[in-house]
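Read through the structures below before going on.
Next come two complexes built around subunit A: one with subunit B, the other with subunit C.
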Partner chain A sequence: MGITIQQISKGFGQFSALRDINLNVPSGELVALLGPSGCGKTTLLRIIAGLESPDNGQVLFDGVDTTHADVRERQVGFVFQHYALFRHMTVFENVAFGLRVRPRETRPSNAEIKKRVHDLLKLVQLDWLADRYPPQLSGGQRQRIALARALAVEPKVLLLDEPFGALDAKVRKDLRRWLRRLHDELHVTSVFVTHDQEEALEVADTIVVMNHGQVEQVGSPQAVYDQPATPFVYEFLGNVNAFETPQGKGFVRPYEIAVSREPGLNSIAGALTYVHSVGSLVRLEIKRTDNEQYVDVELGREQFNQLNFQQGETVYLKPTQLRVF
Partner chain B sequence: MTTRKKHLLPGFGLSLGYTLVYLSLIVLIPLAAVFIRTTELSFNEFWAVVTTPRVLATYRLTFGASLIAALINLVFGLLTAWVLVRYQFFGKKILDALVDFPFALPTAVAGISLTAIYAPNGWLGHWLEPHGIKVAFTPLGVVVALTFIGLPFVVRTVQPVLEDFSAEAEEAAASLGANRWQTFYKVILPAIWPALLTGFSLAFARAVGEYGSVIFIAGNMPMISEITPLMIITKLEQYDYAGATAIAAVLLVISFILLLLINVLQWWSSHRHGAR
Partner chain C sequence: MMHSTQLQQYQGKIAYKRATSESAWVRWSLIGLALAFLGIFLLLPLAAVFAEALRKGWDVYLAAITESDALSAMKLTLIASLVSVPLNLLFGVAAAWAITKFDFRGKNFLITLIDLPFAVSPVIAGLIFVLIFGLQGWFGEWLIDHDLKVVFAVPGIILATIFVTFPFVARELIPLMQAQGKEEEEAALVLGASGWKILWHVTLPNVKWGLIYGVILTNARAMGEFGAVSVVSGHIRGMTNTMPLHVEILYNEYNYAAAFAVASLLTLLALVTLVLKTYVEWQAARDAAAQEKEVTV
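The block that comes next holds the complex of A and B.
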């Protein structure tokens, strides 16, 4: 199911959380709402879910105005940052909850519920935990149960609020790959909120970059990374160096800078203050001679070994790509 | 080989010893004295004292009225706690402070005020009287007084648990299609149930032992509106110490059994709901 958001605004007292948001989420896509904390991404997600109502604007599901529909009627699956599992129910009962609360006419029989719940638990690979209680599970397991519970009601839209935010780095990485695969299997329209650019770049089909209650850019991971529309997007999606140019502020990624020992046309002199060489990339920290600002440069290990720079030596920088705003 | 569980904090032996001595001095020894004093009577004498029709009527009133009062407090205490936790309104702080009032007020003062209000010529009494509702000097008055003094218990035990309860769980229930009633009894109620039960048993226990506020409003008519604590006082005033302690012992044993039952129920409900 496709989601269309038209001119949504929302304020909390004096604070304006969202300003005139327009967005289109095509059916079956996995979309990331990416931005720093306080940018309004969670508020937008909650408005889509119906947990919050906008001051202005409309939310359309497949072209039908659902702005004032109750969260119960929207058929959305919502996964909370802190899981919000029912701690007095077993894992099985948590997942079965959405089926058991249905009105009698549409409620599946006990046997059907049992089958559905076990199928979902198998899908999230936690069938063996059916009789445990949430406090007995690890964070990653709880998050997967929360997802299974949301999927049990066969939602038309899956909404995830910082789904991996409370997990440690390793579990997080595994889970986001797993979410990607799960989405490829189920093709349910999904929107997730994150402040982690790496997560958004790795998982999403489309990234919506937000800042100060507004959408900065919408595009594929590659598009937002390679062709940032605004300085904010440039700085938010990965490391970047800013240069003053006669035309305005120029942005260069650390790997878009050539380093040599010989001065060239328009090159910038600097002292190599630090070499960080762990992994396939070598990171150089260079202090400019003219204004004493630091510039980050990334080189491939092989290239670095050939050039064999030493800490403290004077080098010359030249951006190979420069984007000016 | 046996392994000994290491305690993170030292001083288990000392603190347990202190607790036992303290509890013995404050609770166990005075209670034991009640039973020792009772043994002055032979079993037949004891049985005769504690089963006279007048005394039996007081057990019925004390435990019946306490149970009803605690049940009323269970419902309205929960409602009060809910309002205090969930809503913001003018005068909330004052209302919150008011809840503790029955704790602070000398019970005799409470009894006298309640009697003044509910007496046939009182503020509320003269409205109720024409409808055939008599509160003062009837068992109903006893229930009113016991409800009054037991109010803070349920509110104060449930309030912090409700405050801790995450709004997310409610939102999760709603997003899964549960209506308000289902969200309440399937999600919220199980979470606050142990606290409710604790508040209920405290209110009940307090009501069983209550004396000051009841004797004024009850009217103390034999067989109708006499409570057991009054029976004990009456015996004491007649220098019948053995008789007084005999009734006290019965009161103690019944209270103990009821509280034990409530504790078992609580233990069972929290274990059914998984490890905490």
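The block that comes next holds the complex of A and C.
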């Protein structure tokens, strides 16, 4: 099911959380709402779910105005940042909840519920935890149960609020891949909120970069990373160096800078203050001679070894790509 | 060398003397003082109630608590608490649910209002009902015209009891439900549960122990309330006397043995309440600890 957001605005008292948001989520896509905390991404997600109502604008599900539809009628699955599992119910009952609370006419039989729940638990690979209680599970397990619970009602849209926010780095990475695979399997339209650019870049089909309640850019991970539309997107996605140029502020990624010992036309002189060489990339910290600002440069290890720069040495920088706003 | 040995000795001394400990003399006199205080103000009166109650023997005791006025006082106390406890359970849950799970205008005012019975002297609480429902009160004439009696009758006693015990359940639940947040309710909502189903299957099971605790406190207060009930009761023996009022009447008539006999029943109730309360707290702490422990796994 496709989701269309039209001119959505929402304020909390004096604070304007969302300003005139327009967005289109095509059916079957996995979309990331990416932005710093307080940018309104969670509010937007909650408006799509119906947990919050917008001050202005419309939410359309497959072209049908759903703005004022009750949460229960929207058939969305929602995964909360802190899981929100029912703590006094077993894992099985948690996943079964959405089926059990249906009115009698549409409620599946006990046998069907049992089968459906076990299928879902298999899908999230936690079949063996059916009789445990949520507090007895690890964070990653809880998040997967929360996902199984959301999927139990066969939602047309899956909404995830910082799904991996509360997990440690390793589990996060595993779950990320797992979510991607799951989505490829199920093809349910999914929107997830994150403040982690790496997560968005790795998992999403489309990234919506948000800041101060507004959409800065919408595009594929490649597009938003390689062709940032605004200075904010440049700075938020990945490391970047900012230069003052006569035309305005220029942005250069650390790997888009050539370093040499010889001065060239328009090159910038600086002192190599620090070399950080762990992993395949070597990061150089260079202090500009003219304005004493720091510039980050990334070189491949081989290239660095060839050039063999020493700390303290004077080097000359030249951006190979510069984007001016 | 010499220097380092001294240092070691010195460090040894520091390790043995804890920063928080005092000399034995100070410790024991403080503990003694605390125990004496507890003994005089809590244990002695407790023992005195039972000693006085049984001073003239078991037969007098039994006669005092099976006498018809005493029985009717017990009956009235039971009725008052049987009516007020379920009602306040209902009000308390509704108020806590509204305050903690929804946002609306005037929320803080509502919280203050719930605390009103704690802030007002029980005697004033009683007087309020006399002013409203009494003969010269706002609804006095209307009530007489319809042959209804509130003040100096059972309804007045129930009303006063409800008023003074109103905050207990809500006060117990609000912090608990606030700490638990709204996420589980929202999750249930998205999964399609109706309001009733959310309350019944999600919210209430999560506050089970707090709820029971609130009911125990409400009941203890409902049965023991004196001030407010005293004003609206009219002290009609065998008719509008609750147990605390009956104790007062017996005492004023110098019938000490009987007064203490009835009082001992109220005291027993208090002890049962304490045991239940401790049990509930222990259970709740155990549940919390179990969750806490498993979180770290």
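The definition used in the following text is that the second predicted complex is superposed on the first by the 325 of 325 C-alpha atoms of A that agree within 3 Å, B and C clash if a C-alpha of one lies under 4 Å from a C-alpha of the other, contacts with A are read in each partner's own complex, and residues count from 1 in each chain.
Going forward, contacts are C-beta pairs under 8 Å (C-beta built on N, C-alpha and C of every residue); 3 or more make two chains touch, one makes a residue touch a chain.
What you are looking at is a predicted structure, and each value in this text was computed from that prediction instead of being measured.
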With both structures lined up on subunit A, is it a clash or a fit for subunit B and subunit C?
clash
When the two structures are overlaid on chain A, which partner does A:64 contact: first (subunit B), second (subunit C), both, or neither?
neither
Name the contact category of A:138: first (subunit B only), second (subunit C only), both, or neither.
second
Quick check for you: in the superposed arrangement, does A:49 touch first (subunit B), second (subunit C), both or neither?
both
With both complexes overlaid on chain A, does A:98 touch subunit B (first), subunit C (second), both or neither?
both
With both complexes superposed on chain A, which partner does A:90 reach: first (subunit B), second (subunit C), both or neither?
first
Please identify the positions on subunit A that touch both subunit B and subunit C, taking each partner from its own complex.
49, 51, 71-72, 76-78, 80, 82, 84-88, 97-98, 101-102, 133, 135-136, 149-150, 152-153
Spell out the part of subunit C that touches subunit A in their complex, as residue ranges.
183-184, 186-194, 197, 201-202, 205-206, 208, 290-291, 294-295, 297
How about subunit B: which of its residues touch subunit A in the complex?
166, 168-169, 171-179, 182, 186-187, 190-191, 273-276
So in the complex, which bits of subunit A are touching subunit C?
49-51, 71-72, 76-78, 80, 82, 84-88, 97-98, 101-102, 133, 135-138, 146, 149-150, 152-153
Within the complex, subunit B is touched by subunit A residues 49, 51, 70-72, 76-78, 80, 82, 84-90, 97-98, 101-102, 132-136, 149-150, 152-153
